[in-house]
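Next, two complexes with chain A in common: one pairs it with chain B, the other with chain C.
Showing the complex of A and B:
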């Protein structure tokens, strides 16, 4: 709190790069590069690698309230692999991956393409309006949707009743997964749309002119030129969404207070790990679950990337 | 394991001792964390209370500064820093983390009764016996005292409690042609049908997310689902004749659509009270004031009554909620911390302020019988002296109800088993068995001996 204003502090990088310049003049770039990257590496090691290593270390112990901690090798991992709660959570995020991610990305792509044609009236406003949900904190978004979903007094239920229909129970155990998917889509369509739209803007317009001369319509241009041109951006959004679905946590954690029994303690693997750590007080087992989940995400991301790389080689 | 703990204790005592030697303190000012030692003398207490000290106090009671001010006025040398790190289940993980880290834990922390055994099990609570803990016994209601003390020690000082009663909408009852609250659960069931037929309201709501309430109802039915010997042995009897009786009773009402199963303490539930959806709430002594803030538009329409009985003519209740202030192991000022907790929850002015300003239901017999407390007439309840009624209920709570040293798990697994069955209107009886099995499996996995 009593720290000097940051401006007056000498950045550590300057001192080290100065001494580096004196000792070796041959490859100043190399040292400049190191000097620039070292602050990052320090933070990366302290805030990421060390905790990760520590979590890995913790996951090889078994702790009991009575009996304390004993080294148990991979016992926590084999326990997780036999844990129906872990698999149930994985099943739900897999549903997310195969249902929510395609829907979300197709809608985002469609809007991006529509905006890119320049035919949408008030395009700037539409772009902003669709992007705004991403700027709303996930906590607020979930609470807001929670109110809309409410069975007795929620807006959706009221609308159904106003036209004389039975209100849907959007927070029931059968529907909660769909309701969560809706919240996540609402939050991230805008984000993905902006990424794709930005990529579309950087496609050289000559290609469109050429297509037009060849007699391609708007749909044909979109399918054969625009989408292939922005494939790297699409891949990026897919990878981010895959990782995002596996890390599902905020939404179910917040919906828990509104629909506790529909969410339960193992809705997603992350939520399960959290509950295991802080409610069951089993930090070691939680670390194992988190590690296992990390491995799965790595494998799946790798598979997705491999699949695209092959496609690119083929085309 | 024993060896390791022993080594750790030795290390800690060595560390404490060397700190004391190095800083030139007398041992009476600190040390003896957890272990029972000889009683602290009045001279030691006087000395400690005149030594400038700062205590850290974790609590989530709103406006508690006014009681803390009373303490600081009496002991000007002691400063108390009040920190609110979150309510109940939010605070405990933080407290455990601080205890594990070995620093950052408060001197005194608010702990609900059902979580005391879990902090005892990790040796995180200072036994208050050497600090005059035993002398407190006569000041408190018997069942409350048994929540904080056993034959091995005094682990905390009771702050508030929640004996169960029944708050009901007298207007809905009379619209259904009923003149009084149900005296027995059998009456409750027949009233439920009448109320639903005549007014369309549910007689009550049984939430699937609130183990506290259903455990309170078990307590009232005479069940003893948990026991803990303070060491390694636990008893788990969640699936007993008494609990099955309670569960089957509510199952019947839920199946007939006479009781709703909404999750409680959220917006939809609050609106259920103001929109006449629920005609009554079987709640704790803290419920009356809570309801007042939640369903202000129904003021004057409510009446407080005793909880319905399983056997006509009986007068027994259970408890739901309440908390205590415990001295946390590792404190450098155990005397001041113990005196603070004792003052906060024992001093006549402090406890009366808790009762009348923060509406914490009292635990001391003095406050429970004080006319300043019981004499208050409440407009929300049509001028009824609600405190007087609940003060009477407090004497009827069964005195030997215990908890397990891992209630966090017990409650979270409730949500996945019995709670889900309640919310889904599914088979609650087999879900109760599933809850029992889950808790037993956890206890064994954690190394406890299950009786």
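Showing the complex of A and C:
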């Protein structure tokens, strides 16, 4: 695949070509632009905006034994905010945000920086091998780790016994959160590493060379030049990890069958919404929880962006 | 360097490392020669964490149900039962596993092609045409990147059950056609990969807007399109939540939902006896296609990914 070479030689002078284009925009172009955009917008509206609106609408009703569905305003929301199950799930998500996400991203960043130095033997193989778990479905990953965790004959227990130690109870109520975090990290370290690595490869070389001439070591170069240069990519991985933490569902739902005592119906907010909707048949309340979750994620993503933007301005 | 595609990602005057290495000949190669044994050892040790579970999964699919729990996890069992297990997997319950894999492929490929097509058209138009409402449309799509798909799944289910679409393939394919992140990625990619002057030149030569899109732009966007295609493929292939709530008929299940149900039957030990060895062999077989696809298409998605990250 040779994609771009013919165009590379003439660097586009952005401002001038944009203004030239603006003055020459003609009817057929306007038509083409909308014709290309509208198909996506139609599906987007039908599969995104309409369900969102419908959830908002449903969440303002309450079904009663007598009289069916009754408009109840924000009652479902105040119920959710007072629901210990909802908060318990959010608490675990908070643990994910403050423990699992930082650990996962620091490891991913370390591996990406190490591979980017080009000093690792077989770096290409290492990079692909670490990425492979991303291609494994969450269902298979959870199922597999569930067997590995098993206290009687799981691999981890076997290894502990081989060196004469007691097997850890990784599926007990105290440890299940950490065990879940490990599964999620295993799945996504490679993906985040690849995003960060790809960003590192496109940082202009001159920036390193200047630092090297000034006598900066590898650590110093990584900390003061490489990491600031890929800040947008780091932010992308943070936001995606935040969204991922709120979506937690597959892992607890599957671990439930092998550790029913350790995982309740409210392990994560998403699992709780699912159980409310399909086990308790309380659609309206489930809609309110789903809506509230989406709202929370938007706020947190916005705060993350704002914090990063401010740091950029300060430095 | 593994990125075979000349990356049109950084169009500023600063050369990327690759261009620099081309220009300056040997110097960066010398730099690469200075291997660090500490880093090499650390990274190769982390490989154990990422690969041993998969090695275990492969070895488990070669064991009989009894050996699974009585022999050491990282070595073969007493009898080599891989072919028995695969045979059992493909014939169990009238070979429903084959059907599940077929469903997975159908849902994933249809959704990925559709999502990539829609995202490419929209992203290209947002990057290359200046028109009223452009920034509003882009802001709307960017905001949607933040909304978790699972928060949408329950509302979508309610809507689909009102429209009688639940328990059909459409219930999986239609929601998976929307990829706001794909639009974002193509938009960023197109801004650099498709030169405005080239479009102008084509216009002067009398090419229509759609011809420019289908013959010139789509070719230049290929790495970006493959990236969107591949990641849409993965998200549908690996999806569990959506099919779990949308489908009741086992004949429509994708492999994820089917395997999860077998696993529950195996641990529950209920009426329909499923062997653990069958579940694990099924798990192993189900991950092969995606892993192979990623390894073969790596040069495309790796160059496509760097765009989204850099300009994010």
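Here is the rule we go by: the second predicted complex is superposed on the first by the 284 of 315 C-alpha atoms of A that agree within 3 Å, B and C clash if a C-alpha of one lies under 4 Å from a C-alpha of the other, contacts with A are read in each partner's own complex, and residues count from 1 in each chain.
Going forward, a residue touches a chain if its C-beta (ideal position, glycine included) is under 8 Å from a C-beta of that chain, and two chains touch if they have at least 3 such contacts.
Just so it is clear, the structure is predicted and the values come from calculations on it, not from any experiment.
Visitor: Does chain C touch more residues of chain A than chain B does, or is it the other way round?
Guide: Counting residues of chain A touched by each partner, the higher count goes to C.
Visitor: So in the superposed three-chain picture, is A:173 touching just chain B, just chain C, both, or none of them (first/second/both/neither)?
Guide: first
Visitor: Between chain B (first) and chain C (second), which does A:259 come into contact with in this model arrangement: first, second, both, or neither?
Guide: A:259: touches chain B, not chain C.
Visitor: Is A:152 touching anything from chain B or chain C once the two structures are fitted on A? First, second, both or neither.
Guide: Touch partners of A:152: chain B and chain C.
Visitor: Look at A:274 in the shared chain and tell me whether it touches chain B only, chain C only, both, or neither; answer first, second, both or neither.
Guide: After superposing on A, A:274 lies in contact with chain C but is clear of chain B.
Visitor: Starting from the residues of chain A touching chain B, keep only those that also touch chain C in the other complex, and list them.
Guide: 147, 152-154, 257-258, 278
Visitor: In the complex, go through chain A and note every residue touching chain B.
Guide: Per the touch definition, chain A meets chain B at residues 64-68, 147, 150-154, 173, 257-262, 264-266, 275, 278-281.
Visitor: Can you name the residues of chain B that touch chain A in the complex?
Guide: Where chain B meets chain A, its residues are 1, 4-5, 89, 93, 96, 121-122, 208-209, 232, 262-263, 266-268, 271-272, 275, 277, 405-406, 408-409, 411-413, 415-416, 419-420, 422-424, 442, 445-448.
Visitor: Under the definition above, what is the set of chain A residues touching chain C in their complex?
Guide: Those residues of chain A that touch chain C are 1-8, 10-12, 17-18, 21-22, 25, 28-37, 39-41, 43-44, 46-48, 50-52, 54-55, 58, 107, 111, 114-115, 117-124, 126, 128-141, 143-145, 147-148, 152-155, 158, 186, 189-190, 194-196, 198-199, 201-206, 230, 232-233, 235-236, 239, 243, 246-247, 249-250, 254, 257-258, 270, 273-274, 277-278, 283, 286-287, 290-291, 293-294, 297-298, 301-302.
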